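Take a look at the structure below.
Residue numbering begins at 1 within each chain, and the chains themselves are lettered A, B and C in the order written.
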Amino acid sequence: MGKRIVIPGDILSNDIKMSGSGTYVADGAVRAALYGLMNKGDRYISVIPLAGKYIPQPSDRVIGVVTEVAYSNWIIDINAPYDGLLHISQYPRRIEIEQMSSYLKVGDCILTMVRDVDAGMKVELTLRDKDRELRRLSEGRVIAINPTKMPRVIGRSGSMIRLLKSAIGCNMFVGQNGRIWIHGNDDRVDLAIQTVRYIETNAHTPGLTDRVQAFLNAKKKARFGKTYENENEEEW
Amino acid sequence: MSEKPEHFIIDGKRLDGRSVDELRPIKIEVGTLGRADGSCYLEWGNNKVLAAVYGPRELHPRHRQNMTRSVVQFRYNMASFSVDERIRPGPSRRSIEISKVSREAFEPVVFTKFYPKTAIDVFVEVLQAGAGTRTAGINAASLALADAGIPMRGLVSACAVGKVDGELVIDLMKEEDNYGDADVPVAMTADGQITLLQMDGHLTIDEFHEALKLAKTGCDRMYELQRQALIEKYGKESMIDTEDDGGAPDGDIDE
Amino acid sequence: MAAHRTVISMSDDVMVEIQRDHLLNLILKGEREDGRAFDEFREISIKTGAIATADGSAHVKLGKTELVVGVKIQPGEPFPDTPDKGVLITNAELIPLASPEFEAGPPREKAIEIARVVDRGIRESKSVDLEKLCITAGEKVWIMFVDIHMLNNEGNILDAASMGAIAALLTAKLPMSQYGMGEDIPLPIRDIPVAVTVVEFGGALLLDPSRTEAAIASTSLIVITNSDGSISGMQKSGSESLTFEQVLQAVDMAKAAADTIREKFLDV
C-alpha cells in the first residue's frame, strides 16, 4: 500500500474539516505542514513525518538518562529539546532528599512516563505506575533511533516488536522518544541492534516484516549456526 | 578578476549562452550530512553550497529563549577558499547581514509555536562561490528544513534578477554580478509571498516591476527542482510504504 | 570535547556515555562496534580538485567523516626571519554545520590543535620546498593558506584533515598567470607526510576512532610519518598517560597505516 510523498504547502484537500496532524488550513484548503507521507483516513488527512525530534506528550513512555541530581528533582535527558523533571515524590517509594543519589545517580537509565507537559514545556515525569513497569534499567543496553522510525520497530499492533523478541530471544522496550532498551546475552543484543538498524534504514520500504524475517534468518545462520536454536530453548 | 565585457548579451544570448530568463544548471541532493537533523547540497552554476539544520534543540544562553515559540537562527558563512581572493574565516559585516535577511526569509514560513524555548539552527556554508550565494543558500536551507521535519507553511525559493546591457536578466553569473547595473535577490513561497527582497544598482519603477515578475519565473522553476529533489530522496530508495505502522501520530497542527 | 559539552547536544553526549561499558567490554574481547579490526581504517575517499575557486583542494571522506581542504596561494611579504622562503598558514574550521557539538565563533582549542598538528607535519617534513616559493628575497614570496573545512564529524577529524591537506597541496598550482608571472606551475612537493591518530582505550590501541570511540577514549597519540619511514611530527593528546611500549607500538601502527594510505590514496 503506497503512500504519496507530500511537501510543505501542498494542498491535500478542499474540505477543511479533514485537517489532521502535520497539516494546516489556509485559503480554504488543507495543506501539508511537513515533508512526509500523506495518510488519508475517513475523517482526517494527516502527514506522517519522515524526520523530526521527539516532543514529549503526557502518558508517553520514554527512556531517559539522569543528567543531574538537583534539589528534590532528578533532571532527565529524554532525547527531546526539553529536559524531563522527575520529582522525588514520583519515585515509587518514599525517600529523603539526601538519599536521592543512592537511588538514581547521574548516568542511570530509567524507563519513565511523561506525567504532564505545561505550556512552557516543563516536562514532568513519573516512575509510579500500577504495573510496576516503570523502573531504573540496571541491566541491558540502550540505543537511539530517529523517533519518527519508532512506529516501524513496533509494527502494527506490536507485530514487529513481537517478532524481534521471539526470533532473537531478548527482552526489548521501545520508548516513544526513539530510545530502545534491549536486554539479553551479548550476542542476542548485538543481533537485536543490527535488526533495529536494518529496520531504521529500510523503514519506508514495502514488505518490511518479511524482509526483517529473512534478515534475521540469514543472520542467525551466519552467526550462531546450529547451536543457537538449542540455546534459545534453554532460556525460554 | 576579469575585465568588464563590452557586451553581456549578443544575439539574445548571454556570455554563458543562456537566454535572459534561463537559470544556470542546478544539482540538488537532500540529506547529505549524517550528523545534521536535515541537510542539503546544492550546486548552481559555479556555486557549491551546503545547508544543515539542527533542531528544534535547547537554546542557550537562556535569556535568548522565547517562552511561546522557537527561535530561528541562521548562519551564512563562506569558506575562506570559496572565492578568488582568500577571505578571513569567520563572520564579516557582509555575512552577518546576509544571515539576518536569510533568517527573515524563513521566519514567515516556519511554524515556530510548536517548540517554545528552543532554537532551530540553520547553517549555510558556501564552499565555492560563483555569484548568487545567498539565493543558493536559501534554496538549500529550505530543503534542509523540510528534511529535518520542521513544520512549514511551504518551501522558500530564491533567485536573483539583474540588469545588463539595458536588459533584465535572471540568475546573474559572475560577470553580470560584478559589472551589471542592478542586482535584485528575491525569495518567495510557491504562492508568491515574498520573504526576501534586496536590491542594489539602478532600475526604473517599470523595470523593477518587470524584475519582480522575472524573479517569480525563476523562483517557480527553482521550486519545481526543490520539490523534485525531496520526492527523489525517497523515490530512489523504492516505493514508500507504511503497512506496518504502529499508529499514525495524533493531534492537530492547526493554525 | 569537554569545552563544548555544557552547551548543546546533551542527548548525544548522554548516548556516548551510556555506551562506555559496552564499548570497553567489546575492546576486551578484541572487537569494535562496527566490526573493524583494531588497526583497520574506515573506507577512505579523496577527491581532489573539488573546488574550482581554490588553487588546490581535496574532498575527503573517512567513513562518514567528511571535510574539504582548500589551498589558496597568493603573493605576500615573507617573515623577517625567513626572507627567502614561502609561507605556510594552516587553519581548521570546526563549523557548526558539521556537528551538534560545534559552535560558531573563533577556533577553539580543538580546532587550533588540529590545524597546528597538520601544519607541523607538512612543515617539518619539508614537504613543500619553501625556498622555491621566493619571488623577491625579503620582499615578496608565495603564501599558502591551507584551510580545513569540516562538513560532517563522525570522528578522527585529524587523520582526514592530514590526508586532505597533503592531497590538496599535491594537486595545487602556483597561480602565476593570475599575477602576470607566466604559466601556472605545480607546487614543489618533496614528500608526502601522513598523520595517523592512535587512540588508547582499555589498554588497547586503535586506529581511526569512530566518534563514540574518540569521545570515550581519553588519550591519543598522533604520529606523522614520511615516505622514507621517518617521523616528522607527534602529538600526545588527552588526559591519560601512555606507556613506553604503547608509544612504540603506536608509532609502528601509525607508520604502517600511513604507508598504506600514501600508496593507495596519495600516489600521484
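Operating definition for what follows: a residue touches a chain if its C-beta (ideal position, glycine included) is under 8 Å from a C-beta of that chain, and two chains touch if they have at least 3 such contacts.
Computed from a predicted model, the values in this text were never measured in an experiment.
Q: Using the touch definition from the top, what's the fewest steps needed to get from subunit A to subunit C?
A: Shortest path length, in steps: 1.
Q: Which chain pair is joined by more contacting C-beta pairs, A-B or B-C?
A: If we tally the contacting C-beta pairs, A-B comes out ahead.
Q: Centre to centre, by mean C-alpha position, how many angstrom separate subunit A and subunit C?
A: Comparing mean C-alpha positions, subunit C is 38 Å from subunit A.
Q: How many angstrom between the C-alpha centroids of subunit B and subunit A?
A: 34
Q: Show the residues in subunit A shared as contacts by 2 or more other chains, in ascending order.
A: Subunit A, residues with two or more chain partners: 83.
Q: What residues in subunit B touch two or more of the other chains?
A: Residues 57-58 of subunit B touch two or more partner chains.
Q: Which positions in subunit C are in touch with at least two other chains?
A: Residues 10.
Q: Give the list of subunit C residues in touch with subunit B in this complex.
A: Going by the criterion above, the answer is residues 7-10, 51-54, 57, 64, 66, 68, 70-72, 74, 91, 93, 95-100, 104-107, 145, 147, 149, 151-154, 178.
Q: Which residues, counting only subunit B, touch subunit C once they are in their complex?
A: Interface residues on the subunit B side: 33-36, 46, 48, 50-52, 54, 57-58, 60, 75, 77, 79-86, 89-91, 121, 123-125, 127-130.
Q: Any idea which subunit C residues touch subunit A in the complex?
A: Residues of subunit C touching subunit A: 10-11, 14-15, 17-19, 22, 25.
Q: Please give the residue numbers of subunit A that touch subunit B in the complex, ascending.
A: Subunit A reaches subunit B through residues 1-5, 7-9, 19-26, 31, 33-37, 39, 41, 46, 48-53, 55, 57, 81-83, 119-121, 148, 150-152, 154-160, 204-209.
Q: Can you check the complex and tell me which residues of subunit B touch subunit A?
A: Residue list for subunit B touching subunit A: 37-38, 55-58, 67, 109, 111, 114-118, 146-155, 189-191, 227, 230-231, 234-235, 237-255.
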